[in-house]
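What follows is a pair of complexes built around subunit A, which joins subunit B in one and subunit C in the other.
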Partner chain A sequence: MKIGIPRTLTYYAYLPLWKGFFEALGCEVVVSDKTSKGILDKGVEYAVNDACIPIKLFHGHVYNLKERVDFLFVPRLLNLTREKTVTYCPKFLGLADMVRASMPGLPPLLDFRIDLRKKRKERQREFKRMATLLGVRPAEVDRAFRRAQRKMSRTLKDLSGKGNPEEVLGILTEDTRNVLLPPQPITLAVVGYPYLLYDDFVNAGLISKLHKMGVRVLTPEMVPEKTLKRKAKSLPKDLFWTFSNQVVRGAIHYIDDGEVDGIIHVTAFGCGPDSMVGKLIELEAKQKTVPYICISLDEHTGEAGVLTRLEAFVDMLKYRRDKQ
Partner chain B sequence: MKITFPHMGSSPIAFRMMIEKLGHQVVMPLRPNEKTLSLGSHYSPEFACIPFKILLGTYLEAIKRGAEMIITSGGMGPCRAGYYGVLHEKILKDLGYDIDFVVLEPPQKKAVNFIKKLSKITRSNSLSVVWDALSTAWQKLKVLDLIEALSYEIRPREAVKNETTNVMEECYKLIDRAWTKEEIKESLDRCTKMLKAVKTKDSIKPLKVGIIGEIYVVLEPAANFDIQRMLGDMGVLARRSIYLADWTKDNTFFKGEEHIKKAAKPYLQELVGGHGTLSVGNTVLYAKEGYDGIIQLAPFACIPEIVSKSILGKVTSDLDIPLLTLFIDEQTGKAGVKTRLEAFVDLMQSRRNHKREALA
Partner chain C sequence: MKITFPHMGGVYIPLKTLFEELQIEVIVPPFNNDEMKGTGCKYAPEYSCLPFKLILGNVLHSLEQGADTVIMLGGSGPCRFGYFGHLLDLIAKDLDYRFTFICLEPSTLPRDIGRFKKAAGCSTRSFISALRLGWAKLEAVDTLEQRYWSCLPYAHDGSRLKCMLRQGVEQITTSRNLSGIKNIAGECLDSLEDLSPRSYSLPRVIIVGDIYTLNEPYSNQDIEELLAGRSIETCRSIYTSTWVKSILLPWKRKTYYKRAKAYARGYLEDCIGGFALDTVYHAISSADKGFDGIVHIFPVTCMPEIVSSQILQKVSGKKRIPIMSLTIDEHMEKTGIETRVEAFAELLHSKKTRVK
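Right, the complex of A and B next:
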């Protein structure tokens, strides 16, 4: 049985979990092609025009998969962290309903509801529904999920303290990318959601561009989970979204640490949670006098535009450092 | 302590009374205008939604007029409005204003916290004073909602243009003056009578429109260009699904709205925060009740409403009812909205005529 997983959104954060789960059930996992102009165009065609680019890309990746899989995996992801108050962006919660309403000819969706805050009994009911869809026994689903969870937490341990984003991407998704690491006079924290940071197409090769300029790049994924948890206390109230908390906490860690020369917030045009996240980071950076820029991505983002902004920022940082 | 709070529709009338009864001075939030919005936008994140920007503008104006404490509501997400209190406070502090910021979170999560924060406002007042302040304010909120809803029923049929609007101005003054339980009750009776006395042409069978969407832009006429009144002036009966008193009740101690969520279920199975799920559910309900059209109001880049919009396309085509979505931001102009409304009204009228011909 072939299960399709779109190569975007949670792919860049939880692939070991999804893959481990389906493979433990004996299914074959098919990932959509790497993001391309064609995929983006299809996404723009099918998604509602007010959506942010990640949602449009998701539609594009679903389109890319729909003819060649038996099932499409579009989870209703509510909570994976056991932190009581957090969930995911509303667009993630409604993802299955959105694609179902806007795209005809879809294979059956595995809209598995994942909420680790719920009691075992309720989770069991979801496992059962999943088992009927896939034609296996509920106990097998349960076992597969637990095995996948263990795999995921091992992966997370492997991530912390890694030196560059390519390694992070390799560990998370087994995608490989060339690493260019020249002498590194400047260190930058590049914070943003994994599906923006690690998708080379959507961010116009932002990270490899920085590497070419001789910049060392640190991302939130490299911060150990314990540190992130500790940093949660520096805000009066947690944000409601798992990924956003990770970005804010990671950013605060890098700002407090004093190890970075500057911070880049990578966001999608019109991203709701990021309007909060960005301002929080900006205020924090301002207080500690760490240079900050925000790069906002949309379907019209071009290589030259991103490059110009990065060069200007890095030049400014070099100048600042020389003066000091 | 001089206290201010957000401006949302006619609710400041009720909140003013509550806070004055507790012995504080009130800095009345002014009805937001273009200046408020551009002041707020200046200090807001670019992609914060328009309620964030209007509120920040309102706060800044109130601080200039002497406010020392701001009371506002929190939330539990996933709609970002629940985080606005925190960020507003941070931005105001960054601008150098040292202001007391009280964010009331929904009490069912941390009841102790809620009471602690409330005690900041209730101070040393006796329990009976506090109870009177809260219960009369609640009563007033409900009266305001009732009268407002009634005005929308009458306006499309009024014989003399603007009469309803003039009567409503009188009504608000009356309700504002009412201070005790009896006076508030009497004000309701008098206002109802005054509104019912408005001369109407009963032969008119107005088009019926259901207004759905995000609570702030639905409730605040300054944010939606007084859309319900505008439609009323065009002779359209515009009803909305959200009123402040009901909504507060459904989202604090009591569980309401279940029938709406149930109606949404075939299309949207997850609570997506804000009013996204209710928008879908109410559309289904309005369509089944034979309304002529649906207008969805939402701030630009509102996450829950984008989710519901992408689903509403299918809902409205299944149920055969026209839908107009208006995403509002600081660039939206009244003339643009009016043109779109006029076109939408024409469309609904011709659909109705066609249906009538088909029947005849």
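Right, the complex of A and C next:
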């Protein structure tokens, strides 16, 4: 049985979990192609025009997969962290309903709720629904999920302390790449959601551009989970979105740490949670006088535009450092 | 203590009453206008929604007038509203305003109210009676408005009707006893009916969207008035008082969500935060009730409403009901919205006569 997983959104954060889960159930996992102009165009066609680019891309990736698979994996992801007040962006929660409303000819969607805050009984009910769809026993689904969770936590342990976004991506998505890093006089924290940072198409190769300029890049994924949790205390109240919390806490960690020369916030045009995240980072950076820039991406983002802004920012940092 | 709070439609009436009854000095910001929007947009994050920008504008204006306490409702997400207060607090403090911020979080409501009562130095009894008076006013004003919008397109003299409503609201606002409010509202409702005899039927639309945009006429560009001007009867899906009643009381909340989910089945399977489920539910139930059209209005970058706007396309196709989707931001001009309302109204009228 072939299960399709779109190569965007949670793919860049939880692939080991999803993959481990379906492989333990004896299914074959098919991932959509890398983001391209064609995928983006399809996404723009099927998503409502007020949606942000990641959501449009998601529609494109679903379109890319729908002819090739028996089931499409579009979970209603509510909570994976056990933090009580935390969930995901409403657009994530409504993904299955969105694609169902606009795209004809879809294979059956695996849209079960994943909410680790819920009691075992309620989780079991969702597993049961999933099991009948896939034609396996509910107990098997349960066991497969637990096994996948263990795999995911091992992956997360592997992640902390890794010094290079390419490596992080490699571990998360089993996408092996080797990049030779030049000497790095400047260190930058690049914070943003994994599906923006690690998708070369949507960010116009932002990270590799920085590497070429001789910049050492640090991302929120490289901060150990414990440190992130500690940093949560410096906010008046936790944000409601898992990825946003990771970004804000990561950013605050890098700003407080004093290790980085500047901070880049990568965001999608019109991203709701990021309007809050961006301001929080901006205020924190202002207080600690750490240079800060926000780069927002949309379907019209061009290489030249991103490059100009990065170059200006990095040049400014170099001047600043030389002056000191 | 000089307390202030942001606007949302008629919410200032009960809040002003509450604080005045408790003998707390209260600063009510002026009704939303271009100046509020300007201040809000200057300091708010670019991608935040218009409601946040207006709320920030309100609060900054009041702080400038000398308010020293800001009170706001919190929330538990995943709509951004629950974080508005805290972000507003950070932004205003960054601008060097000094004030106390009281956030009423649903999870710690009794404790937060206790803190407020202590700061205000009032007894539980006077607090409750003030709250009851305020609540009665909000309910009465909302009922009046509801009737006003359904009567307006039928009225021979719209300006007289408007005068009646304004008078009624003013009397209710200044009234100090419960039975007085009831009488004023009853009289006003009757005279609204008398001024607008219904000998024929006009197309009827339901207006759905998020609570702030629906209830704040400045942010929805007076959509109801525009539609009424084109002889369309409108019905607002969410009034503040009806929403508070159906959501804040736990026993009502359960049945409300059960009904909403039953209606939305096949379109939106779960509550995803904000007002997405309410929007889909009201759209579908109104289509079933025989409404002639749906107007969906929401601020740019509103996450839950973006999801529901995509789903409403499907509702429109399946239920064969016309829908107009309007996204509002600070750059919206009245002319743009007028053109769209005009076209939509013509479509509804021609459809109605054709059916006849």
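One rule holds in what follows: the second predicted complex is superposed on the first by the 321 of 324 C-alpha atoms of A that agree within 3 Å, B and C clash if a C-alpha of one lies under 4 Å from a C-alpha of the other, contacts with A are read in each partner's own complex, and residues count from 1 in each chain.
Rule of thumb we're sticking to: a contact is a pair of C-beta atoms (placed from the backbone, for glycine too) under 8 Å apart; a residue touches a chain by one contact, two chains touch by 3 or more.
Given the structure is predicted, the values throughout are model-derived calculations rather than measurements.
After superposition onto subunit A, the partners subunit B and subunit C occupy overlapping space and clash. In the superposition on chain A, contact of A:50 is made with both subunit B and subunit C.
In the superposition on chain A, A:187 makes contact with neither subunit B nor subunit C.
Of the two partner chains, neither subunit B nor subunit C is touched by A:79. Once the two complexes are overlaid on the shared chain, A:227 sits clear of subunit B and of subunit C alike.
Touching of subunit A by both subunit B and subunit C, each in its own complex, is seen for residues 47-48, 50-51, 76, 85, 87-91, 93-94, 96-98, 101-102, 111, 113, 236-237, 239-241, 269-276, 278-280, 283, 286. On the subunit A side of its complex with subunit B, the touching residues are 47-48, 50-51, 76, 78, 85, 87-91, 93-94, 96-98, 101-102, 111, 113, 235-237, 239-241, 269-276, 278-280, 283, 286. Residues of subunit B that touch subunit A in their complex: 44-49, 52, 74, 76-80, 82-83, 86-87, 90-91, 94, 267-274, 276, 300-304, 306-311, 313-315, 327.
Considering their complex, residues 47-48, 50-51, 55, 76, 85, 87-91, 93-94, 96-98, 100-102, 111, 113, 236-237, 239-241, 267, 269-276, 278-280, 283, 286 of subunit A touch subunit C.
On subunit C, the positions that touch subunit A within their shared complex are 45-49, 52, 74, 76-80, 82-83, 86-87, 89-91, 94, 267-270, 272-274, 276, 300-304, 306-311, 313-314, 327.
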